[in-house]
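In the two assemblies presented below, chain A is common to both, partnered first by chain B and then by chain C.
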Partner chain A sequence: MYAQSLSWLLLAPFLLSLAAFAMRWAGKRSIWLAELIHLVSITAVLLLSMHVVQGVLAQGSISALNDWLHVDALAAVFVTIVGVVGFLVGVYALGYIRHDLSSGVLQPQQVTLFYGLLNLFLFTMLLVVVSNNIIMMWVAVEATTLGSAFLVGIYGQRASLEAAWKYVIICTVGVAFGLYGTILVYSDAVHFMKEPGMAILWTQIVENAQALDPTILKLAFVFVMIGFGTKAGIFPMHAWLPDAHSEAPSPVSALLSGVLLKCALFVVIRFAIILSRGIGAEFPHLILLIFGALSVTVSTLFMFVQRDLKRLLAYSSVENIGLIVLALGVGGPLGVLAGLMHAVNHSLVKSLMFLTSGNILMKYHTRDLGKIHGMLQAAPLTSLLLLAGGLALAGSPPFNIFISKFSIFSAGMQSGHIWLMLVCLAFLAVAFAALLRVISSSLFGQAPDEMAAGEVQPLTLAPIAVLLVLAITLGLYLPPQIALLLNQAAGIALPPGSVASAPGALLNWLVLP
Partner chain B sequence: MSAWILAGILVPFLGGLLVLVIPRWWVKTASQFVALFSAGCSVYVFIAFTAAGKQVQFFDVMRLGNVTLFGLVVDRLSVLIGMAVSVVGFLIVVYSTGYLSAQNREHAEKKIERRYYSFLLLFIGSMAGVVYASTMLGLLVFFELTGVCSWGLIGYYDNEKARRAALKAIITTQVASLGLYAATAYFFAESGSLRLVDMVGLTETAKTVIFIGVLIAGFGKSAQLPFHFWLPDAMVAPTPISAYLHAASMVKVGVYIFARCLSSAGSVPQVIGVVGSVMALLTMLYGFAMYFPQKDFKKLLAYSTITQLAYIFLALSISVFGSQVAFNGGVTHIFNHAFAKSLFFLVAGALSYTTGTRLLPSLRGVIVRMPVIGTSFAVAALAVTGVPPFNCFFSKFSIFAGGFEAAQEHPLLLVLVIIAMVESIGSFAWIFWTFSATGLGTPSEEVAAATPLSPAMEYVLITLAVLTLLSGVFASAWIA
Partner chain C sequence: MLNANLINSLSGLLILSSLLVIETRKLRISAIYYSVQSLVLVVIFLALAVSMHAEQLYLWAASAFITKAILVPYIIYRAQQYTGGEDVPTAIKPTLSIVLAAVSLVVSFVVINQLELKIAAGFKPALAVSVAHFFFGQLCILTQRNLLKQVMGFCLMENGSHLTLALMAYDAPELVEIGIATDAIFGVLIMAVLAVQIYRKLNTLDAASLTTLKG
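== the complex of A and B ==
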């Protein structure tokens, strides 16, 4: 039953995206029908992904299509991210695209194209996280580029086309490195597998990781790190990210930043697991620590000098991906758990912020922070969301990012990387200052004179509010199912036998009177 | 008892959210009730604690596995300071309902701003959280929350200057708070626990690292050198906010977390005492030197706060050398100074409310024209400078007594204590001179043209003046 859900989880968005493309020829009702198809598709993805996650909680893992698809707890964490964030962003997109349509930025045909591409994009991301075939994993990552590049360039403006072009070029070149890494692992595994076809399956490779050649593994991991790291937006391969994130329509930015980066990172984690089973965790940890620390330090400085709201948020994504990579590099039960928790938390908060930036864009018609002032008067509800979301992103309690950031630093100190953690902490203060400056200058001050008070699209506020509620809830309370899932996921990412010692092994929050 | 403490923390949080949605004309009343409730909770805890024989109690509130994330501690320190911050908090809310009105001659407010009361109530809740927290993580969480609320309150007037001052305040304290952040993470990594009492078992080196972190955070929040510069700028805040944040609560967070860690850590490395007392002395001298050029009443009070906080740091640092008297002196000084300095700020607020200015040279003859404000002014000036029988005399006396006690074994401390005493006399002279120049004499033009004070503000001034007179004896007798 769960295996069927898994197949449908992929089929539904794929077929419905084709249907949405076809609505181009549906005449007068095309937009209305495309919206309906889109809504059905994201709802299906949400429900099916929840069902799959439930299955993983019930029976440990789910496989389908001759083991080509495989969802364990680790993948289930990312399936949850795609399902939940995908749904909320999808709902938001309805209001946002209607506004674009009514203000003439998009043509009706483009709207059907948008919904088709958006669901295709969701499909490719789901394919990345559920595939067990490492070559298909690579194919899926490439496919996410193709699906989202057209979304980035959908406005057809000079700047957005340039951003889309840059995105395609850098990511396909980057991910090609990922292919080398993937093929290296495959060709090495093929030598000793009883059945050559098995060498392509991640689950088989992991079981036989000890037999792989250590030098080839190291080489492959460096390729994978550079290749899929490009897609994940890790410094110094992040160059495509600020352009693509800022030029894309805001719901797409939210998906790129909130979900896509995590999916690419997921592939890196998969390969890091192969390495740690095969040759021990030291080498992947070192690589991850270096890239993570570099991403955190450099991106925070970039954040501080940005004058464009969405570019600033994009650099903040580099920072947070860096933090996750840092946590994985620190390793240990707490480190991995904190890293995965941060992946979930950052998905929620960053998509919240990008959606809010969409609302600001609708109101002010600019992303220039020098021109966005007086939101408290102009758009009180959006300004409240910006305030809460900005504080959450900056890592202020009681929001979820505070908890995961703190856990990352505790894990780092525990594993003896005290100085590295202190340096990264100092850079996080820069990020805090940058975000607070944004909040301060946009909320306060004088709104432009001709601007009337009120929200542009009240429909768009609900999904953002839901994201905010999720962010606060996860900051105060970790529901047992999520805790269990994260715990099992950390167990997969760690060497066997080390789960029981995880400080969060019994993730029960007791509230005493 | 834990339920009352939790209510004292959570009800202001809920109230802070509530005032954002209820009809505008209920905002003031609702805020006062919420603050009154929080104050009532802390007074109840105080009475219950005293009746139960002052037994230290711990309550775990949130746990993750076997790690206590957040808990409450009820001891002499938390109960006493908890009462001060919440009672002053309530008085400030009452005062604000009068101050933020159309009758205010310095900053007339035409409509009731939800934002103000929301942040203020959130602040009261966060402050109660800091005070009763029994874990390092609890201290950190509420430490940061007070920072965020202070940003909203300092920048309340929403002009360029206020925005800059608010950003400066939060970024400075945030940078300093990295000390606490790192100390908490390090503490957790070393001991596997977040409860402060588990600090006892740590090595000297680990304690030194943690205390250095705590001191950095404390220096930031309590506006000590080298992080002092945000406080004088933050005087652009509405005066009731200055009275609460920059006299009673926010700046006390720094000294409080230091005191809390000292009281939980058992033996503390002496190097912490040396660092703390030397920095305190430097800050004290700096703050004193900055008294003289000040024309703005509130700026003068800001520098006075900086030096008074330095006294508390000095007292707590001296206690590292084994003087319980100095520790008690420091803690009671947190308590006493909260009342006295808030009163002082509120007097400044009352003057700008009635006369439209707070520039010292244009104020003269306050006591003749406005006896309530003038008398409160006199009480505040005498109390802050430590004249008996006002409250700060008692706590300062304990600080110096503790200093002399500790100096018997560490002669160098004697020098510090004597310098501090000289500073004390100097600041008495200067503040008293300021009082006689502005309080006495024939009323100046501005003072003569003063409008009447609102009743809410008048009651608060009188209440605080009485509390200032009585709290010293009370606190010293209670804590011993």
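== the complex of A and C ==
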């Protein structure tokens, strides 16, 4: 039953995206029909993903299609991210795209294209996280780029086309390195497996990781880190990210930052697990620590000098991906758990912030922070969302990011990386300052004279509010199912045996209000 | 062994043809060279299929023939018709780019020779060529300012990684090959459409004019 849900989780958005493309020829009702198909698709993705996660909680893992699809607790965490954030962003897109259409930024034909591509994009991201076949996983990551390239460039302006071009070129070149990493692991594994078909499955490779050649594994991991790290927005391969995230329509920015980066990171985690089982965790940890610390430090400086709201948010994504990578590099039960929690928390808060930036864009018609003032009078509800989201992103209590950031630094201190953690904390203060400045300069001051008070598209407020409720809830209380899922996920990422003693202690620490 | 020699020497032809693809100024001619190169790749796939008794590679050869020898050159040809065959200068001199290509070839040979591979051991020269070819593609993307030429660079990269796959992962299930071929052809299509859109907006294919976004 669960296996069927897993297959449908992929089939539904794929088939419905084709249907949305076809609405181009549906005449007068085409937009209305495309919206309906989109709504059915994102609802199906939400419900099916929840059912799959429920199945993982009930029976440990779910496989389908000859083990080519496999969802364990680790994948389930990312399926949850795609399902929940995908749904809320999808609902938001309905209001946002209607506004774009009525203001003439988009043509009716582009709207059907948009919904087709958006659901195709969701399908490719889901395929990344449920693939057990490592080469198919690569194919899916490459497909995410292809599926989202036109979404980035959909406005057809000089800047958006330029961003789309850079996105496609940098990501396809980068991700091609990932293919070499994948081939190296496969071709080494194919030797001692009974059938070649088994050497391609992550579950089989992990079980036999100790038979893999250590040199090849290390080389492969470097390729994987460069390849999928490009897609995950890790410094210094992040060059496409600020352009694509700022030029894309805001719901697409929310998906790129909130969901796509995590999916690419998921592949890195899968390979890091193979290495830690095969040759021990020292090598992957070292690589992850270096890239994580570099991403955090450099991106916060870029955040501080940005004058464009969405570019600032984009660099903040590099920072937060860096924090997750840093946590995984620290390792140990607390480090891995904190990293996974931060992945979930950042997805919620960053999509919240990008959607809010969309509302600001609808009201002010600019992303220039020098021109966005007086939001408290001009758009009171949106300004409250910006205030809460900005504080959450900066890592202040009572929001969820506070908990995961705190856990990351506790884990780092406990494992003896005291200086590294202190340096990173200092840079986080820079990010904090950058975000506070955004909040204070946007909320206060004088709104443009001709601007009437009120929200542009009330429909777009609800999904952001839901994201905010989720961010506060997870900041105050970790529901037992989520705690259990994260705990099992950390168990998969850690060497066997090390988690046995950990769950109780960690759960106590995390569930405490 | 004769077959291994054949495969290794055919892969040498790939190097020659990709230099022609990179250095030819006229896109139309460049696309024809690419088509020829893809035919060489198809022959290599067929030879590998015979020598390794790998039935799957016949399918690879067939799909490479359709997508790489016919469809990709056709897409490039149509895209250059839309854009009027503009002559865009390159970022570096051809002599320098040939030197860089030679360097990447030598590095690939040295690295591959040091790896202890259990698979494709008799095809190390071909393997080194495939890796070098992958870097040629990147070189093309970095040194060519014509957007459509950068698309050809992506195609060269794909040919390189495809040969690596055929040498090291020839026994992977067919569906994997179908997935990779689909990605490759859609990749070219999407890049070509974007290049045409950029040409219509900016009236040039020169990557040096993409300078709106910085910082």
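Here is the rule we use: the second predicted complex is superposed on the first by the 503 of 513 C-alpha atoms of A that agree within 3 Å, B and C clash if a C-alpha of one lies under 4 Å from a C-alpha of the other, contacts with A are read in each partner's own complex, and residues count from 1 in each chain.
As a working rule, a residue touches a chain if its C-beta (ideal position, glycine included) is under 8 Å from a C-beta of that chain, and two chains touch if they have at least 3 such contacts.
Keep in mind that what you see is a predicted model, and the values were worked out from it rather than measured.
**Q** Looking at A:L425, would you say it contacts chain B, chain C, both, or neither? Reply first, second, both or neither.
**A** first
**Q** Quick check on the superposed pair: does A:L436 touch chain B, chain C, both, or neither? Answer first, second, both or neither.
**A** first
**Q** Classify the contacts of A:S410 with the two partner chains as first (chain B alone), second (chain C alone), both, or neither.
**A** After superposing on A, A:S410 lies in contact with chain B but is clear of chain C.
**Q** Quick check for you: in the superposed arrangement, does A:L161 touch first (chain B), second (chain C), both or neither?
**A** In the superposition, A:L161 touches chain C alone.
**Q** Just to be sure I read the superposition right, which of the two partners does A:S396 touch: chain B = first, chain C = second, or both, or neither?
**A** first
**Q** If you look only at chain B, which of its residues touch chain A in the complex?
**A** Contacts found on chain B: 2-3, 20, 59-67, 115, 137, 140-142, 144-145, 148, 151, 155, 158, 163, 166-167, 170-171, 174-175, 178, 181-182, 184-186, 188-190, 192.
**Q** Show which residues of chain A lie in contact with chain C when the two form their complex.
**A** Touch residues, chain A against chain C: 133, 135-136, 139, 142-143, 146, 149-150, 153, 156-159, 161-166, 168-169, 172-173, 176, 179-180, 183-184, 186-188, 190-191, 196-197, 200, 213, 215-216, 219, 242-243, 246-247, 302, 305-306, 311.
**Q** Can you list the residues on chain C that touch chain A in the complex?
**A** Where chain C meets chain A, its residues are 115-120, 131, 134, 138, 141, 147, 150, 154, 157-158, 161, 164-165, 168-169, 171-173, 175-176, 179-180, 182-183, 186-187, 190-191, 193-195, 197-198, 201-202, 210, 212-213, 215.
**Q** Name, in rising order, each residue of chain A that touches chain B in their complex.
**A** Residues 376, 384, 391, 396-398, 402, 406, 409-414, 418, 421-422, 425-426, 429, 432-433, 436-437, 440-441, 444-445, 478, 503-513 of chain A touch chain B in their complex.
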